[in-house]
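Paired with subunit B in one complex and with subunit C in the other, subunit A is shared by the two complexes that follow.
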Partner chain A sequence: MGIWRRLRNVGFWTLCGLAALAIAAPALWVLYTVFHQSLPVIGWRLLTHNTNAGGLKNAILGTLWLLFGVLVLAGIVGVGSGIYLAEFAPRGIGQVARFFSDVLAGMPSIVLGYVAYITLVVQAGWGYSYLAGVIALSVLVLPYIVKTTEVALRQVPTALREGAAGLGMTERIILWKIVLPPALPGIMSGVIVALAISTGELAPLLFTVGFTDNNPSLALTHQQVPYLTSVIFTNLQLPDPQAQYLSAAAGAMSLLLLVILILIGRLITARSVKATRRMAL
Partner chain B sequence: MSPTVNLSTGERRPLLRPGTSEVAPTADDIVLSTQHVSFFYGDVQALSDISLDVHRQEITALIGPSGCGKTTFLRCLNRLNDMVPRTRLEGQVLFDGEDLYAKSVRPIDIRRRIGMVFQRANPFPKSIYENVAIAPRANGQRGNLDDLVEESLRRAALWDEVKDKLKSSAFDLSGGQQQRLCIARAIAVEPEVLLMDEPASALDPVATQAIEDLMQDLKRDYTIVIVTHNMQQAARTSDRTAFFTVDQRPEGRVGVLVEYDDTNTIFTNPKDPRTEDYVTGRFG
Partner chain C sequence: MTSFHLKATPADSAPLPQRQGARARRALSRVDPMRVVLGALALIPTLVLAFLVYKIFSEAWPAIRFNGWSFFTTKTFTMGNLYGSALEHRNGQVAAGGAQYGVLAFVLGTLLSSLIALLVAVPVAVGGAILLGEKLPAVLQAPLGVFLELLAGIPSVVFGLWGVYSFGPWLSRSVYAPISHLGLPWLSAGVSSNGQGLLTSGLVLAVMIVPIIASITRELVRSVPGNTREGAAALGLTSAESVRVVTLPFIHRGIVAASVLGLARALGETIAVLIISGNALNTYPVSLFAPFSTMASTIAAMLDSALTDSTGMAVHSLAEVGLVLVSITLVVNFAGRYIARSLGTNVPIGRGA
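Here is the complex of A and B:
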């Protein structure tokens, strides 16, 4: 091998390595900082005590409770709309709905929080509440679920639909028995992404659910809800170093939740890729 | 023969099987009849003025060059083209003498009685058993379907190969087996007519032979309409052959029916020079 070729080879691989590092570095930087800052408070106390006693229990429970609400509300509305758009909507309605969905996808979450505050918290008189927060978050993530559902359904091969239709199955049964099962992993991964986004959001919740040091209640309205991102935001502004450590710990906990959601999503996608490959239609 | 089947209720007469005491089917027993059928995809005309009779318990082959509309025509026969947006059919298709496209007729009722096997095997991503059982169950059959599944697989000459792995995925089967599974799946709905769109075009000679043998076997109970690119296949398997071709017109390329006759006549003594050119391999 000539010296120039060798040099070019080394240079190329160096650049590749640097590019990989450039992607990994920010993530590692964030992870390192957050975990390093939270080291002094890391321990079981985070899971057993509430935010007024150096723990995060109420905030973790509140975040999970909010995620559950988003899963139900945005899940049902989003998947339903996606199915409608992919399978039933006339072209005109589909285009209009997709336009609004795109607008919604680009909406700054703080604007959404503001609108939810004005209409739900104030005008509807719900006060800072679970329902207002779930609705604000759901509207925020709805476009992702609608889009992934629609795409997942459209990816189901026409050959399967026609095969089923050729056997005299009704539209409804074709949808339930033939089209939805192979599309399900795609739909699920969209829902997971939506939950991951919800986990990290602060702006829409800041205006809608308030905060409390108590455990979240099951009340839909008039009861404030604790959640992790609020702890990050508020505790960092407190003079007490312990409170600031807790802020970092809340950040670490959000990241952990995110990683778990991403892993679940990966698992589902991997299975779907395997299934799709076998379909080979 | 007067219509004895009510399309809207789906009530049917018993199948006339050879060897029974009933009247044997005659050459005049027409199951499907198209009358001046033209078909449009949006503004583009795909078929022009096709009139053709399909006879009971015969194999009718549709041959012709690519783009001549033979697949489109086949899909008109069980209203599968209804699923394609902005399509339109002119003329009439009669099924046992009744208008297939009448307002009162539901496409799903038609498709249960006129089954379809596609060009590429398209089993559902489910087990072999489920592939056969799903349509009868979806169409309202309750209870144990084991017998129906076995019978359908037997008739599709697949039972011996799959009886020990009914629960495994249909994708574990070879291409030829998958296609026979699709035939079994179609038979399980107990249709009267089977439409086959180049069912062996993606298969090797051995698998093709299996499908062709199967067709001869199925002919005893079913009426088969098959689209094929393969002229030898048409000559080997069919009773009648329709030759379609593409007509160059000022407004575009349109599929037309050139000649329809006994397979023997089409291949040995065609009336139209275009048919002769095609079957002798001079064109197409």
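Here is the complex of A and C:
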């Protein structure tokens, strides 16, 4: 092999190696910054005290409570919508709905926040509230759930549906007993990703749920809800170092939540791979 | 059924009611309540989109009337004197005295920062993904996938935190300060001690969209059939030549699609830019190092104070900024989808995580 070709080969892979380094290094730096900055306040206090007492309990509870709302609202609408698009939609309607759902995915999140603020907080008179935030977040992740649900259902072999129809099963039985079970892991991992996105979002919540140092209440409207990304954002701008540590700690906590969600998603996907293999046999 | 029974006979007309019954039953089964419910749910994303577009447009309408064309040709965005009694009347619309709204500086900020992000992110993401996809042992692929997924999911406010505590100050100290001494055009003025500005924001945006582009590219690299690669090796190609001849032709369409997704994310990014941009108002960025603003960050930064404008024109003007942002994002989305489709692929949807 000529020396030039060999050199070019080495040169190419060196560049690729540098690129890989450029992916990993900033990411590790981000993680280091967050954990290093939060070291002074890491401890059980974060879980047992509220934000006005150097803890994050209310923000963690609020985030989980918001995620639950998204799970219910975006989950039901998104999965139902995905089922319709994959199984029942006439060609034309399916294409139109799919197209607009994709367009919705491209909406800047601050615009969602603005419209949610004007419509729900002001005009509907809910004030900064749980429901306004859940709706804004749900709109944000809805297209995601629709897409993953549809893809998961389309991966179920048509032969299964045909076989079931051939045995005389009704449409409803086919959907519930034949098509949904093998697609369920795929659908669930899509929902998990949607929850992961919701965990890290702030722009749609900034003007819809407000914040409070108290624990989140169960009220749907007129009660502000604390959440982690708000703590990061607000405390980051305060001059007090203790507040800045808490900001980083809230960042670390949302990263931890993210890792948990990703791992759950991976577990489910691994099971879905097994299920698909079983179907193929 | 009775194709050999060409002539109508009394026997033929007899079962007709029954057949009608069957048709009615079929029609009834077509309105299966489950289908209706699911179909109604499937309409929701479309209705929500229509509502969003209608709402942002109708909120912006008074501002569109008030600002006219100067909205697109001026860079000054000021709500005027919110506490004075003087009012500004224009085209039948009322705003606070001295109010003036121009979006140009924000449009420029959004486009420039996203462009920087894209120019930096695409080569890095593609180069890294090729290395990881082609050379990394299979055992490490799954953990790497989790790592990339985690990176793509890091909240943007956390990137903001990193940018303002670590990355920005470091850039300002170790990169911007020495370079600005050289006095080059575009690379001297406006350095702040914590590095808030255009280039910092562009680089942070790049870090944010790299995992998106890289994880898609890595999947593409891994989907290249192994035997084509073996064929290239059998012909005596080096592994770098094999990437150029075999891998890249397989994946270049997908890279375009992934880049469009990354660009769309950068255009709409709000919080990270809000923290790192320095929020310069009424000015174009004087250099790559100087503070600036984007459309998204301005909406987030000003909505609170805009609410105190009793004429409402400040809030309406922010809606008009949002309308411009939506239009640009949608154009990029459509153009990207069109290009991707003409190349025979699809733009994946999503916000990265």
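In the analysis below, the second predicted complex is superposed on the first by the 255 of 281 C-alpha atoms of A that agree within 3 Å, B and C clash if a C-alpha of one lies under 4 Å from a C-alpha of the other, contacts with A are read in each partner's own complex, and residues count from 1 in each chain.
Everything that follows uses one rule, which is that a contact is a pair of C-beta atoms (placed from the backbone, for glycine too) under 8 Å apart; a residue touches a chain by one contact, two chains touch by 3 or more.
What you are looking at is a predicted structure, and each value in this text was computed from that prediction instead of being measured.
S.K.: Classify the contacts of A:L112 with the two partner chains as first (subunit B alone), second (subunit C alone), both, or neither.
M.R.: Touch status of A:L112: second partner only.
S.K.: I'd like to know which partner A:A159 touches here: subunit B for first, subunit C for second, both or neither.
M.R.: The first partner, subunit B, only.
S.K.: For A:L167, select first, second, both or neither according to whether it touches subunit B, subunit C, the two together, or no partner.
M.R.: first
S.K.: Of the two partners subunit B and subunit C, indicate the one touching more residues belonging to subunit A.
M.R.: Partner with more touched residues of subunit A: C.
S.K.: Once the shared chain is lined up, is A:N214 touching subunit B (first), subunit C (second), both, or neither of them?
M.R.: neither
S.K.: Let me test your reading of the model: by the given contact rule, A:N50 touches which partner, first (subunit B), second (subunit C), both or neither?
M.R.: After superposition on chain A, A:N50 lies in contact with neither partner.
S.K.: State whether A:S101 touches subunit B only (first), subunit C only (second), both chains, or neither.
M.R.: Only subunit C; A:S101 stays clear of subunit B.
S.K.: After the superposition on A, what does A:V30 contact: first (subunit B), second (subunit C), both or neither?
M.R.: Touch partner of A:V30: subunit C, not subunit B.
S.K.: Which partner chains sit in contact with A:K177 here, subunit B, subunit C, both or neither? Use first/second/both/neither.
M.R.: The first partner, subunit B, only.
S.K.: Intersection of subunit A residues contacting subunit B with those contacting subunit C?
M.R.: none
S.K.: Taking the touch rule as given, give the residues of subunit B at its contact with subunit A in the complex, in rising order.
M.R.: Per the stated touch rule, the residues are 78, 80, 83, 108-113, 115-116, 118, 120, 122-125, 134-135, 138-139, 169, 171, 182, 185-186, 189.
S.K.: Would you mind writing out the residues of subunit A in touch with subunit C in their complex?
M.R.: Its residues touching subunit C are 1, 5-6, 8-9, 11-13, 15-23, 26-27, 29-30, 33-34, 37, 76-77, 80-81, 83-85, 88-89, 93, 96-97, 100-115, 117-119, 139-140, 142-144, 146-147, 171-172, 175, 193, 196-197, 199-203, 206-207, 229, 232-233, 236, 244, 247-248, 251, 254-255, 258-259, 262-263, 266.
S.K.: Along subunit C, where are the residues that touch subunit A in the complex?
M.R.: For this pair, the touching residues of subunit C are 29, 32, 34-35, 37-39, 41-46, 48-52, 55-56, 59, 123-128, 130-132, 135, 146-147, 149-151, 153-162, 164-167, 207, 210-211, 214, 236, 238-241, 243, 264, 267-268, 270-271, 275, 296, 299-300, 303, 315, 318-319, 322, 325-326, 329-330, 333, 337, 347, 349-353.
S.K.: Where on subunit A does subunit B make contact in their complex?
M.R.: These residues of subunit A touch subunit B: 157, 159-170, 173, 177-178, 181-182, 275, 278-281.
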